[in-house]
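Next up: some structures, all given as structure tokens.
You will see two complexes here that share subunit A, one where it goes with subunit B and one where it goes with subunit C.
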Partner chain A sequence: MAIELKQVIKRVGADTHIHRTDIKLEEGRFNILLGTTLSGKTTLLRLMAGLERPSSGEIWFQGRNVTGVAVQQRRVAMVYQQFINYPNLTVYENIASPLNVVRMPAAEIAQRVRKVAELLQIEPLLQRMPSELSGGQQQRTALARALVKESSLVLLDEPLANLDYKLREELREELPKLFRDSGATVVYATTEPAEALLLGGYTATLHQGRITQYGPTASVYRAPDDLLSAQVFSDPPINTAAIRKRGARFHYNDRVSWLAQGKYAALPDGSYTLAFRPHHITLAANNRDSVSVTGKVVVTEISGSESVVHMRVGSDTWVSLSHGIHQFARDQDVELFVQTDNCFYFDEQQRLI
Partner chain B sequence: MKRAKWLVPTLYILFLLLPIYWLISMSFKTTNEILGTFSLWPREFTLNNYITIFTDPTWYNGYFNSLTYVVANTLLSVSVALPAAYAFSRYRFLGDKHLFFWLLTNRMAPPAVFALPFFQLYSAVGLFDTPMAVALAHCLFNIPLAVWILEGFMSGVPKELDETAYVDGYSFWRFFIRIFIPTIAAGIGVVMFFTFMFSWVELLLAKTLTSVEAKPIAATMTRTASTSGYELGLLAAAGTLTIVPGAFVIYFVRHHIAKGFALGRV
Partner chain C sequence: MIDKTTNQRAWFLVLPVVVLVAFNALIPLMTVVNYSVQETFGNNVFFFEGVKWFEQILHSERFHDSLLRQITFTGIILLIEIPLGVAIALAMPKRGPWVSVCLVLMALPLLIPWNVVGAMWNIFALPDIGLLGRMINGMGFDYNFTQRPLAAWFTTILMDVWHWTSLVVLLAYAGLSAIPDAYYQAARIDGASSWSVFRYIQLPKMKRVLTIAVLLRFMDSFMIYTEPFVLTGGGPGNSTTFLSIDLVKIALGQFDLGPAAAMSLIYFLIILVLSWIFYTLMMRNEEQ
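Coming up: the complex of A and B.
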């Protein structure tokens, strides 16, 4: 086991930044912390790094209790969202610095720096100063410095957030490969659900200082434990509706109803929460169990070949994502189809059924 | 209008340079010429004034004393202000903002206020009439300024840089000396400039806290005028030489200053 948080709580003044958290990250896994800003991703990373002490609880690293062990002794690596390099050192010296600190022989340093520089394609830049690099190159340098240590725990705090679109895609593709070969346990914080899905591995969804779910990324996406995890792991935001079950049918809004099928048929009558992702409410009816809903358009956003329609249905505001270009006027009535077989049903405790 | 474009700055620079030109021109004249005739340039060009200053110990020791306490003060201010500014920039502690403001208020009183307490105190502990006395007294004004300026520069450096260094295995002092100080070099340049300048031009404390051994050049200049009658040429030469170190300092730190003005808190 690479790192384990046991009953960890972090308070700052009167605020609790991290509520009681237990999580085990296995050796060599690529882990993603997914959550909005201020959900506690950075605090968790800092706790794992040893930059902050938990208010209570213990942190175990490779079978050793490291709570309170200074960050210098932890042998972890960390990359920040901002491009952090030592401005007074060349790229080469930057990458070599963690090795210089432990007084590694110069020949070995040179060999290891060359190797990671090649891996990250910054070899021609080794003699430059960080200020002479583009943002992407600066972040590559920071990543190289994290890799060169060959530490068993690498913490990445939204490392791609400040990069422009093209560079982000490029690096996002390289990242999992880089770390898979190194065998390091990686913890990668991000605010973007799409990024988590692209990176794969394991995902922990965070909401207001609590880990709501942890598991393989695809299964957290496909089967969120509860509504919060589903909400964290959806962009555009997941749509929700309060529904009731009466007899064999689910009812929404008194006007819309559909047959409860499969495991849902056996549910007792009562209140439930329905959640469905924007691409499961579309302008075209598919031939499966689609339910027609009429709403008023709030705004339409067109991005290339997709249309995002924000609409009001009763007191709910939903977002729909459809292929093709569809332009609607404000307050226009529009008919949309909810694919009820792709919906999540949550009970009154908001646990997935 | 087109003429006014160059006319105004030219006049401005002319007015600024006129007293300096007059001083330099006087320094190459004899006292008789200065008192006797009105001349735009030296009629009887002489280097005697300068020769006197460079050969007479009562004169050149003045420069030596001044430079000693100015350099000592600059080094002292910077080395004390660096850790202080780091603390203000990186840590939150009880009363930090009040303390920071209180430091600044030290600069709000005129130096004359402190002349008497310093005089008495330094006489009592045997520091009177040493360059160190002046260097320490000037710290009262220079350290707050240095802390204030450096804090601005340090706060411009993300604290993630510190943390990255710790994660990389740097100890605090290794990080501070190898990484942090070079990173804020421009700020240190700006601070050295300001502390040097304040200490170099400050007259009252320097004069009050010294008598014979550590007499600064500014005191020598004024004293000569009162004891040996009019030696205007000599005084002008001394004045010219007094401008030189300041001009040198400005010349060498001009890039840092320009960068510093743009970056930090000046």
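Coming up: the complex of A and C.
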């Protein structure tokens, strides 16, 4: 067990930033905290680092209660969204700084700095000052500083958010590899569902200071425990609809209905919530289980080879993602197909059925 | 033709600024240049003298003494005010209701007019009735700033520190508040000592504002006039006669317009050159 939060609560004044949280992160795993801004990702990281004390509850680190232990005494490293390096030290001195603090012999420092610099491909930059580096190189330096300590816990707070698209892709690909070899437990906070999917590992979805679900990234995505987790893990936002089951069929809006199949056939009559991702409501019917719905177009966004259509269906606003370029006028009627076999059904408590 | 009318209209719009700058900078400066190369025996009759006054000033012992006093004074107050200002800024609260209280208290001395500061400290430091003067004498020191050069210097420096350290504090505080919290967190995680935090994060991040603080305090103190004039009048003897006080004595006391004008120009050039040197030196590291 690398790190465990036991019944941790964090309050600041009258606000509760983190509601009662229990989570265990296994040694050596790549963990992702996924949630919108202010969902509590940074607070959780700071609690794990020891930069903040929980209002109640305990934090265990490698089988030891570290709740009150100062951050300096824990073996953690952290990388931030801003590129944090000492401004008047060279890249080499920056990377060496955490080792200098613990008075490591110079020869060993040199060896470790070279190794990490090679890993992050910043070896030619070692004698430069941070101000002479590009954003990507600055963040690589910051990552090197985190790696060189060989901490057992590495916390990354949206480290790629300030980088431009190309650099972000590049580093995102390298990151899991870098840390897999180091054996460190990594906690990576991000606001982007796509980033979580690309990084893999384990994901915890966060909503307003609560962890709604924690598990392997792909399975959290494919089988969200509840509606909130599904909403957090979807961009563009997941579509929802209030539906009713009567007899063998589900009904939406009194006009649309479809046969309840498989495990859903046995569900009792009543109200349910249907949720489906934007790429499961498309302009073309691509299988037999598609249900046709007519809506009014609000706006169409075309990005390269994909079209995102926002439309109003009854009182709901849905987003559809289709391949190809499709341009619609505002308020134009458009027929869309919902793939009901790819939908999530939630009960009245918003739990996945 | 249409283009030309448009251009003329543009000049017309710039005119107020040209007139303003001409009246408050160019014309006075050129008048001084004019005086500095001429001799007069009254009746508004002038004779061209070339660089005679410049030579006279540059070789005059009196000018050397004032210049040395000026450099000493400026050096001392910079050595006190900059570190003290930084120290106070570091000790000020970072957030909470006390921030505004501290900032207002800090800004107060800056709002007091120069001559009022001089008058205040004159009374404050009087050895017989002043609070400060009585106190120092009460502690057994023979303190009298109107008679003893050392006491006069001490009082003048103390007054300047009281009046202007706030400026450094405010600038340094602004520089400190611009440092993102993540820097401090990163340092804490590294286990850096508070000295390292100061040396490797706060000081480099404050560098720009401190450069401005040094420049402002250098220029201002090098031109200091009103406060020592009201406090000591340049005395006792000539002991606190700084450059500007000396200049006024020559220009208005003795009415030696030529030498005074030459001295003004030399004085102006010294400030210009020293400011430029300061700025270049402090900014050069930045570029490396």
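Everything that follows uses one rule, which is that the second predicted complex is superposed on the first by the 353 of 353 C-alpha atoms of A that agree within 3 Å, B and C clash if a C-alpha of one lies under 4 Å from a C-alpha of the other, contacts with A are read in each partner's own complex, and residues count from 1 in each chain.
Heads up, the rule we're going with is that contacts are C-beta pairs under 8 Å (C-beta built on N, C-alpha and C of every residue); 3 or more make two chains touch, one makes a residue touch a chain.
All values reported here derive from a predicted model rather than from experimental measurement.
Colleague: Clash or fit: how do subunit B and subunit C relate after the overlay on subunit A?
Modeller: Superposition check on subunit A flags a clash between subunit B and subunit C.
Colleague: Let me test your reading of the model: by the given contact rule, A:10 touches which partner, first (subunit B), second (subunit C), both or neither?
Modeller: In the superposed model, A:10 contacts neither subunit B nor subunit C.
Colleague: Identify the partner contact of A:97: answer first if only subunit B is touched, second if only subunit C is, both if each is, neither if none is.
Modeller: Both partners, subunit B and subunit C.
Colleague: Would you sort A:245 into first (subunit B), second (subunit C), both or neither based on which partner it touches?
Modeller: Neither: A:245 stays clear of subunit B and subunit C.
Colleague: Touch check for A:41: first (subunit B), second (subunit C), both, or neither?
Modeller: Neither partner.
Colleague: Tell me the contact category for A:129 with respect to subunit B and subunit C: first, second, both or neither.
Modeller: second
Colleague: Which partner chains sit in contact with A:80 here, subunit B, subunit C, both or neither? Use first/second/both/neither.
Modeller: In the superposed model, A:80 contacts both subunit B and subunit C.
Colleague: Between subunit B and subunit C, which residues of subunit A are contacted by each of them?
Modeller: Residues 49, 51, 71-72, 76-78, 80, 82, 84, 86-89, 97-98, 101-102, 145 of subunit A touch both subunit B and subunit C.
Colleague: For a test of understanding, state which residues of subunit A touch subunit C in their complex under the given definition.
Modeller: 46, 49, 51, 71-72, 76-78, 80-82, 84, 86-89, 97-98, 101-102, 129, 145
Colleague: For a test of understanding, state which residues of subunit B touch subunit A in their complex under the given definition.
Modeller: The touching residues are 158, 160-161, 163-171, 174, 179, 182-183, 185.
Colleague: Applying the document's contact rule, which stretches of subunit C touch subunit A when the two form their complex?
Modeller: 180, 182-183, 185-186, 188-192, 196, 200-201, 204-205, 288
Colleague: State the interface residues of subunit A toward subunit B in the complex, per the touch definition above.
Modeller: For this pair, the touching residues of subunit A are 49, 51, 70-72, 74-78, 80, 82, 84, 86-89, 97-98, 101-102, 142, 145, 149.
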